[in-house]
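Lettered A, B, C, D and E in written order, each chain numbered from 1.
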Amino acid sequence: MAHLLSGGLQGYVAVALLLFVIGLATVLLRRTLLMQFMGMELMLNAANVALLAFARWRGGDVQGTVTYLMIIAVAACEAAVGLALVIGLHRMRGTTDADRTASLKQ
Amino acid sequence: MTTWMSTHLLSFLVFSPGAAGLALLAFPERQARLAKLLGLLVAIALFGVSLRALSLTPDASGWLFLEHRPWFSVAGLPVDYRLGLDGLNLWLALLTALLVPVTMLATWSSLAKREGTFAGLLLLLETGVLGALLSQDMLFFYLFWEGMLIPTTFMIWIWGGEDRRYAGTKYFLYLASGSLLWLVGLLYLAGQAGSFSPELMAQAAAGLSLHAQGWLFLAFVLAFAIKFPIFPVHTWMPDAYSQAPVAAVPVGMLVKLGGYGFLRFVIPILPAAAARHSHVLAVLAVVAILFGSLVALVQRDMKKLVAYSSLAHMGFVLLGLASLSVIGVQGALLQLVNLGVSTTALFLMIGMLERRAGTTMIADFGGVASRMPVLTGFWLLAAMASIGLPLTNGFVGEFLILNGTFTSGFAWGRVAACLATLGVLLGAAYLLWMTKRVFWGAENADPDGGTAKLAQDLTARELAALLPLAALILWIGVHPRTFLAPSDRPVAQLLSDAQAPAPAAPALGTAAGSAPLSEVHE
Amino acid sequence: MFAVFALITLLGAVLMLLQKNVIQAGLCLALSFLGVAGLFVLLGNPVAGALQVIVYAGAILILVLFVIMLLNHHEEEPAERARPLQRWASVVLSALLGAGALALVLASPGLQALGAAGTPVEPMTLERVGTVLFRDHLLAVETVGLLLLAAMVGAVALVKKEL
Amino acid sequence: MMAKDFAALWPLVFPAVGACFLPLASLDREHDTAKWIRGVLYLVTLLALGGSFFYLADLWHVGGQPSFEALRMDRLAQFSGIFITVAAAITVLQAWDHFHQEGWVKAETLSLLLFSVTGMMLFTATSNLLLMFLGLELLSLPLYALVGTVRTRPEASEGAMKYFLTGAVASSCFLMGTVLLYGLTGTLDLSRAMASSAGSDPLFLAGAALLLLGFLFKTSAVPFHQWTPDAYQASPHPIAGFMSVATKGAAFVALLRAFPGALSLGAAGPKAQQAFAVLAVLTLVLGNLTALVQTDAKRMLAYSSISHAGYLLLGFVAGTPAAYTGILYYLAIYLAMNLGAFGLFTAYGLVGEDTSYDALRGLGWKRPLLGLYAAIFMLSLAGIPPFGGFFGKYLIFKELVGTGHTSLAVLGVLASLVSLAYYLRFLVALFLQAPTEALERRRAEQPAAPAALASASLFVAAFIVVMGGLAQGLLIPGFAQRAIEEGLKLVR
Amino acid sequence: MHSAWLIPVLPLLGFLLNLLFGKRAGKAFVSAAGVGSVALAFVLSVVAFKVMLAAPGHRLEIGYGEWMGAGAFSVPLGFVIDPLSGLMMLVITGIGFLIHLYSVGYMGEDKGYGRYFAYLNLFVFFMLLLVMGSSLPLLFVGWEGVGLCSYLLIGFDYDLPDDVPAQAGLKAFLYNRVGDLGVLMGMLALFAAFGTLTIGDILVKAGHLGPQLGFGLLTFATLMFFVGCTGKSAQLPLYLWLPDAMAGPTPVSALIHAATMVTSGVYLIVRMAPLFQLTPLTMDVIAWVGAATALFAATIAIVQTDIKKVLAYSTVSQLGYMFLGLGSAGFAAGFFHVFTHAWFKALLFLGAGSVIHALHHEQDLLKMGGLWKKMPVTGWTMLIATACIIGFPGTSGFASKDEILYLASLKSPVLYWMGVAGACCTAFYMLRLFTLAFLGEPRDAHAHEHAHESPATMTVPLVVLAIGALGATAFGWPAAFGGSFRIEAFLEPSVSYGAAAAEGVVRHGGNPALMAAISTALALGFAWWGWSSYKGGLALAEARAAKWPFLHRLLANKYFVDEGVDAALVRPLRWFGNLLWKLFDVIVIDGIGVNLPAALTRVSGDFIALLQTGRVRNYVLTMGLGALLLLYVFLK
């Protein structure tokens, strides 16, 4: 357990995975769409942490950073579309509570 | 044209009705009469063409006509385009071609709506039935086998009675359930054989364990038993028949495929299993005969009554097939033709009554004979055929079946035959009792009842529809050899290939005077 | 140092998860992002660290907060119904996944081998990134361009008032 | 670089360029765009798709192309390219009518569609994980927007939101999987990653599982399916059809590239196959049973599209080249029949959310030809011969039985029996149930707008379905099988 | 004699003509076609008979190729004319012709005139097929065909409001059908035993066998054949249909239900005589059933009031005698009784018909009386017939019945005494009938006033039949009374065809004269009693009925057999059918087997649909669980 905290690769990956799980938990536990949205951002970020950690231990692989660049672009795109959706939904329904937008079911 | 026809006769017969049918489906409702007329002309013309089959002579392997070419092949499993006409399906195919125009004529004015669609669906059905009858490749067969459910279901749906939605859907699901499970067995066997040709499948099946053969047999029989239908998987039938007065006839057109398929495919492909399990089939057959007859006895609706009667008749067919004897199988094959003729005639006539009276409940009628003497005459003939009176078709079939069963050499043969004869008695009971209640007696006094609405006897068109059937009833009854001769060799061949147990030799007096006494004490 | 930034990252994330107020949650998220940026720097990748601060903490979060302000919903709406099943199932699932993740990390021989063989590397520079980016990943760059445009068109299609 | 080196890229360029320029058309335009402009927009879209299609069709005669970076225009990619462009073209035809009926004709819609098409092609034409991820995003993001594009419909944004949220979680998982694979193998190329020695590392396997999740989400396999009915119901009919066909198709082709093509190399292959078996069972059971009880026809089609994913997954369980051929063939037929089925709503002029069975009552007789198409599509979806749908199931079941998965095959046929019940339900509504008086009045008051292009598209679809039943010789060995053999380099 | 096919085909032609044109063409056409075809058939039959007599072995076999067949089974289409079938042909066409002629008068007013003759002609056709057919299936064609005609003719007045004829027709057909099943099973057994169904071949093959003991195929076959006979020839327990069959027109009763069809059972057994002789068990059964029927039916006839019903029970009873004779190995005797019975019973029926015709379809004996003066011809001929049937010495009935009783006495004294008891009853009820109808005071003045002698077309047949009834003795007269039983020798070629050694019938011992004397004396005594009981009207009879009410009710209600059958068979069957349908078919198979799985599928669908809650968090949770599942599969 101790070497998880010593700044080795395993530590980074562990942090990344935990961050991923916390993001997922946010999506699962919070009703507010914006919160869930933030949870998703966390999940993407978790991937970034793992990615750059691996890249570091792969001899400073530049591919990692390049991929990272792509990922933040994707994150931005998702943010744009996601926020637009939240705004649209709020306009239509007057709520940003995910549990209240459940008219399509079964 | 003639040269093309002389090499593609079967393709033409199978596919041209479907093409015409599709075209008719696209006719708008306001031109229904035209569509109907065109449909009739096409059907008659096709029947005419189909008669060419009578002039064919069998080749060395028994085919009257064979079209065979590869169709497609995936992963080493070829599917062939293979249509073949031989003695087994000759009469069934001709009968199918005949029944289509007959049905059209008989229902000429009884459809309240969408007459063109009916003609179209009927022609599509003809493609399905003929295709299934003539296919000699299992997958190719399966296409028609399953595909013919489509037009039939629509017929039940569109022209059915109160419960038509339930009946139609039930019909489709019921029949599909059997054939879908069969498909799995078929694919398994095809995988073993590397082909869908029955011959190769038979070879492959022979190499399988008895256990595996038993499962395959179950899968095969289930599909055919449902189509037959055989007790206890028959419950689609009363609904389908009674909900679809007009469409009952087309339904009748395709039930013969159950027996035919069993004969054509199950016996040759799985002969060992068929012989091993024949007693099960025989029990089912006898139960079907007795059950169908007893239930028919208490029906209040003519259509249901005839429906259950056909269950009993199908029991005879199965009994004949299960006997695996030449006599029994020949009888079964003839009985399939008979059903197509006499049960169809009965249904057609019930339809004619229904068109006039708007009901098919027995209690609504009484004394029909005084209003419609001609119809009554035809009815009596068809009823007698259905009962199995000699000189009608029913007798020959039933007698051969009973004979084949009795002498089949199976331990159950004699008991089954004797029990089955009870069906002959009950058949007379329910059908003539119904005849009495519907046709004899004083006219039903109820002004809203059925009899009061029977204004007119048969029309010329209805007559034209019934006459060929009546002629066939008598022809088969008087001169059955016409219909038995083509299948003599194929059936014998099929059963000897299948290595069915040899029928019991006559117990007494074969060798003149030398029969020992002990043989008699059985 | 790693432990500190890791702690900041995870703590920020957990805090965000637990916040009632959306704005505060956003700020906690920013904290977490900053922790991630710190981790990147520790990994010898200042480029990524800078980008993390600029793009994530800067652009994306600001966008989120902006939307929050726009919608004027700072507090979570009251729940229609308590959904204990959803809650506890989620908690259990997350716990399982989290524990599983740690177990996986510890149990993975590949990871161990890779971590052990790690050699110190020189810090990442923008030049290297740029070179590789435009030499080997042209298609990806173009695709990301398309993606951005698509997102823009999509966002506009979804919310533009006078469309 | 020679022009030839771009050969692999060209199919993507057509839709991408179209997508980029289309939005310009509606900038600064008033609400009512002139009809000719609308026409030009649709024409341009069709041209973009057509250009790609014909280029691909041309390439098909040549064979595999040299890669452009990690973009591989091999036969499998060509297959999926053709598949996607045809689906999109049919969608565009239906969209013309549908959006006119809805009164919501926008250039953005077409642009988003083309972006999505580009993304799908990219997704299926590479084994580079980064490009795959980008392709996945490029196909998903426009779709999120497309689902909610008709903003006047009250449920549009809800469906879009649900799709987005679940989709984003799924692509995060995909990404995490990608990163883990990269981390443990040092390469972003899937084939090489799979072949590497780290193949049995638990973390690697976890990464593979997460990656698989990303694919399965797009194929809407149970339990990653729950967005499907909601998103389909919320979206405009043609878009729902497009999503059900093209997205699923692209996901399956990508899965083919990933799994038999690459994953089978390592320890993850058998595991994946087990997972496929479990998920296929779940998908078949849940998809069909839920579809059975739907009261809304469009929702029923959504669940049916879930269940079709189950059949396709069965093909992966069988795992032979013939089964993969079957999957591709199934997809090709599925394209026609499902787009046809969804197109019926457009052709019948149903607008808004009212797609219940009751809204369909009696429509089968209004226009007999459409009724005929409907019957063809539904029966083909149910796998009734002689339509193409049967042969798709045939090819897959045959391999299942041949590889000893008889019980799965039995489950499959039972599932298709259940499916028959609900497809017949659709036909019952069309042909058997008389419309209620209220419905008659409403139809009289608001006569359905003519939908000539949609009807034409239905004809094309019906033609493909019927031909799929009669001309397998063309489709199976000539098209699907070559794509598998020469694309995946699998010899039989 | 290749043109023998004309004999059956002529009536068939008549049938077709009358069926197709009977309605539009006039009465003359119908009569010509109907009567003429039978007359021609009769002429041809006579010719055929003569040719047969000239032929070696008195046997003509005419073949027309194969009728039906499959595999080893083949049935030729062929006719056999030998003494047995030749005589039957003569009876059928001869008496048939007379009855056709009689019908011209009797049915003259009926609206279904053409239909009537069509049916009648068809009957003759089938009956001829029955007797001429060279193989059992062909015989069976006729066997069932006559049943059909019987059905059609009994229900001839199908539109009567009370349904009686239709019901009676149905009943007749069904009871016959039970018997037909017997024949069918018998044929199956014979084919299994011999591999052929051609009668000649069977008999030849059987001829090589000794008497069979135990219950083998042969016994089964012959027993089944006898079951067929009980149906067709109205023996216990299948006799029930025949009294009801009187609902048909009277000439039909005469032809079908007295003279010809009902005797086909006897014909069958005589035809297969060598086979039956091999199976002693069957012979015993036949004898006992015959004797029981003879007695049983005779007792019922005593109290019947419908003139035709009396005759019907009388027919049943007489048929019983025939079987008694057959069972006692007196094939010729049994058949001779067929022959004599054909004459006098036809005569009785036609006479009764004449009475009924005169009284405007009044059939109740209690309303008749005093017709002797008004209808002399009918009266005299009826008297002759009555004398015949009660076995008045010197009549044909005496000759045939007493031969049977003699043979029975050789088999068992009990059989003999049963026969005698039946004969006594016969004498009683016949005199009762005659007295009530012709003697005494008219009991219905109105009807009596309008009564008149029938037209010539009706009386001529009566006279001819009366002559025949008396003259039939020419064919056989008991040796004990100085005659010779010529018919026995005449039938010998048929009865013992194929038998290796003509073992003949045991007819030695006993005292034939004494036997005849006892039975005749007793019968005459009862005849006198019958006459004396009714000569003064009904008072005496009513007093007796009052004295023994139970017995009277038992007899008047025919021992409640109909009711018993209804309660024990018909209703349970219907109940069982309903049970099978409603419980088994609808609930068990369709409900539990079909609809329940469907419903369960649907319910589980409903349940699963609840998982789709519409809340997106829930969807993600499901995905999370799915991820867990995937991870489990990959990592396990």
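Just so we're on the same page, a contact is a pair of C-beta atoms (placed from the backbone, for glycine too) under 8 Å apart; a residue touches a chain by one contact, two chains touch by 3 or more.
Please read all numbers here as calculations on a predicted model, not as lab measurements.
Asks: Along the shortest chain of touching chains, how many steps lie between chain C and chain D?
Replies: Counted as steps through touching chains, the separation is 1.
Asks: Give the chains in contact with both chain A and chain E, ordered by label.
Replies: Common neighbours, chain A/chain E: C, D.
Asks: Which chain has its C-alpha centre farthest away from the C-alpha centre of chain E?
Replies: Result for the farthest chain: C.
Asks: What chain lies closest to the overall centre, CA atoms only?
Replies: Closest to the centre of all protein C-alpha atoms: chain B.
Asks: On a C-alpha centroid basis, what's the spacing between chain A and chain B, in Å?
Replies: Here chain A and chain B have centroids separated by 66 Å.
Asks: How many angstrom between the C-alpha centroids of chain E and chain C?
Replies: Roughly 102 Å, centre to centre.
Asks: Just the number, please: Cα centre separation of chain B and chain C in whole Å.
Replies: 71
Asks: For chain D and chain E, let me know how many angstrom lie between their CA-based centres, rounded off.
Replies: 77
Asks: List, in ascending order, every residue of chain A touching at least 2 other chains.
Replies: As it turns out, chain A has residues touching two or more other chains at 13, 20, 23-24, 27-29, 31, 36-37, 53-54, 58, 63, 70, 74, 77-78, 81, 84-86, 88, 91, 98-99, 101-106.
Asks: Send over the residues of chain D in touch with two or more other chains.
Replies: 130, 134, 137, 141, 144-145, 148, 151, 157, 160-162, 165, 169, 173, 183-184, 202-203, 206, 229-230, 294, 421
Asks: Quick check: what residues of chain C touch more than one other chain, meaning two or more?
Replies: As it turns out, chain C has residues touching two or more other chains at 83, 86, 90, 93, 97, 104-105, 111, 114, 136-137, 140, 144, 147, 150-151, 154-156, 158.
Asks: Any two chains that touch count here, so list every such pair.
Replies: Touching chain pairs, listed by label, come out as A-C, A-D, A-E, B-D, B-E, C-D, C-E, D-E.
Asks: Per the contact definition, I'd like the list of chain C residues that touch chain A in the complex.
Replies: Counting only chain C, the residues touching chain A are 1-3, 6, 9-10, 13-14, 16-17, 19, 22, 25-26, 29, 32-33, 36, 39-40, 42-45, 47-48, 51-52, 55-56, 59-60, 63-64, 67-68, 70-71, 73, 76-77, 79-81, 83, 86-87, 90-91, 93-94, 97-98, 101-102, 104-106, 111-112, 114-115, 117-119, 121-122, 124, 128-129, 131-133, 136-137, 140, 144, 147-148, 150-152, 154-156, 158-159.
Asks: Could you please specify the touching residues of chain D with respect to chain C in the complex?
Replies: Spelled out, the residues of chain D in touch with chain C are 9, 16, 19-20, 23, 26, 31, 68-71, 106, 108-109, 111-112, 115, 118-119, 122, 130-131, 134-135, 137-138, 141-142, 144-146, 148-149, 151, 157, 160, 183-184, 198, 201-204, 206.
Asks: If we count contacts the way the header does, which residues on chain E are in touch with chain D in the complex?
Replies: 598, 601-602, 604-606, 608-609, 611-612, 614, 616, 618-620, 622-623, 625-627, 629-631, 633-635
Asks: Over in the complex, which chain C residues touch chain E? Could you list them?
Replies: Contact set of chain C toward chain E: 83, 86, 89-90, 93, 96-97, 100, 104.
Asks: For the complex, give me every residue of chain A touching chain C.
Replies: That would be residues 4-15, 17-26, 28-32, 34-35, 37-39, 41-42, 45, 48-49, 52-60, 62-63, 65-66, 68-70, 72-81, 83-88, 90-91, 95-97, 99-100 of chain A.
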